[in-house]
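Two complexes, one shared chain (chain A), two partners (chain B, chain C).
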Partner chain A sequence: MRRFDEGSMVKVRSYFPPSPPAHCRTPFYIRGCVGKIERVCGVFDNPEELAFGRVGVDKKTLYRVRFFQHDVWPDYKGSRTDKIDIELYDFWLEKIEGDQK
Partner chain B sequence: MDRDFTVRSNHDMGGMMAGTINKDNHNYVLWEKRVDAMMMLLSNDLGILTVDQLRKGIESLPPEAYDKMTYYERWMASIANSLLESGVLTTEELGVKMKEIELKSNKSEKNS
Partner chain C sequence: MGDGKTDHDHDHDHMHQYDPDHQHPLQEDHDDTMTYYRVMEEAVRDLLIEKNLINADQIRDQIEKMDARVPANGAKIVARAWTDKAYKKRLVSDPKSAINELGHDIGPMNLIVLENTESVHNVVVCTLCSCYPRWILGLPPDWYKSREYRSRVVREPRVVLKEFGTMINDSREVRVHDSTADMRYLVLPLQPKGTEDYTEAHLVDMIGRDALIGVVEVAAP
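For the complex of A and B:
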């Protein structure tokens, strides 16, 4: 299921499943941050389920999400326009209320 | 007591202070190449293990073990755990083989 389009603003969940016992593919430093969908990468087998050796797992939409470095690192010294792109699965992302897209 | 589920896992160290990083190229020793080859066989050829399982095994190592082990030692621990869990190996088979290799390497050290 595809919930977001290019340009949508999203917030990364602070935690989805606790790890361990779950297996998380979203780095700690990006959790809770707000970014913009840069592109929809496609649909893939959920790696957080594949990690347990399951077959025939649900497919999940993967997005490339763009964040400003200043929003990710509070003490960031670089340019205001520096960005970081991270690929994140649909179930790690929350819709931003009031976003028109 | 509430458990804080937002705590960072030990392996998940993106953005942390890393100290000095040795950027020199280095060669792999034979056993490391063998571990890599074993993973390729188990995943691509035999379909016994996936890279996702390998990653999970590495990331669920106890923090002290994770920090002490080298890259391919982590792979080896993860592969061995998975093969034990799925019943490809028994703990006895693994233990016997490890002992055998230990004795063999002790012998070759004495002779050298």
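For the complex of A and C:
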């Protein structure tokens, strides 16, 4: 299911799996950050299920999300315009309240 | 290995009969360390063959194909894009078919071509492991897989780029791409000024692997 379009603002879930086993493809550094959908990449097998051999059970939409580096690292030393693009699966993203998109 | 010469200081024909008093000094093999992953790889390979799912020749064939993928493939793609504006447009909008035109099958890889411009410099990393466009460029360099590169280039990209000898002006955005899932990335570097009249073959020679990852720019010779 596709919940977001290009340009939508999203927040990455600050979720930490309570106990192993878990295989997260969302790095810690980006959790809790707010960014903008750069593009919709398509629908893929969920890697967090694939890691446990569960093939084809759980297709998920993959997005590329763009963040300002200064929003990701409060002490970032670099240009204000510097950004980071990262691939995130649908279930890691939350809608931002009040977003017009 | 030491000084083998003292034990073996003569010319002779190696086809001689076995003689227990005539031993060559032992030479260490460098491929005999049975690590955990090596045991696992061999076990899985043997099982796949035993169960007739794949055969040994198919495995050998895939290794041969993997080894044939080299950064020069990426250099040819970039040089074509520099010399042919229409091709460049196709490469950015539909990388798979544009690369196919040059005779490369990128298989199931979902590729995104990141075009460097006067206002944006792109650099690629996989912070979680070592995702890399292997279907075109072959195996990634060791530093790309190092924890240091993976953890630092997202956090202080300009410092890491500087260590590679790359200075990006503050007015130009540095855009890091973390390859965390199913997409792979190829940087399309800026063509150096003064090379507009160069032939495609000449341009290919100037484009190295590191420019396709984005840690350096392409310099005019």
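A few points about this structure:
One rule holds in what follows: the second predicted complex is superposed on the first by the 97 of 101 C-alpha atoms of A that agree within 3 Å, B and C clash if a C-alpha of one lies under 4 Å from a C-alpha of the other, contacts with A are read in each partner's own complex, and residues count from 1 in each chain.
Note that a residue touches a chain if its C-beta (ideal position, glycine included) is under 8 Å from a C-beta of that chain, and two chains touch if they have at least 3 such contacts.
Being a predicted model, the structure only gives us computed values, none of them experimental.
With both structures placed on the common chain, the touch criterion links A:Trp73 to chain B and to chain C. Annotation for chain A, partner touching more residues between chain B and chain C: C.
Applying the stated contact rule after C-alpha superposition, one finds that A:Arg31 touches chain B and leaves chain C untouched.
Of the two partner chains, chain C is the only one that A:Arg64 touches; chain B does not reach it. Within the superposed three-chain model, A:Tyr15 lies in touch with chain B and out of touch with chain C [touch as defined at top].
Of the two partner chains placed by the overlay, only chain B lies in contact with A:Phe52; chain C stays clear of it. Residues 27, 29, 47, 73 of chain A are contacted both by chain B in one complex and by chain C in the other. By the touch rule above, chain A contacts chain B in their complex via residues 14-15, 18-20, 23-24, 27-29, 31, 47, 50-53, 72-73.
By the touch criterion stated above, chain A contacts chain C in their complex at residues 25-27, 29-30, 41-42, 44, 47, 62, 64, 69, 73, 76-79, 81-89. Contact residues of chain B toward chain A in the complex are 3, 5-6, 8-9, 12, 14-15, 49-50, 52-53, 55-56, 59-60, 82, 86. Listing the residues of chain C that touch chain A in their complex gives 110, 112, 127-128, 154-159, 170-183.
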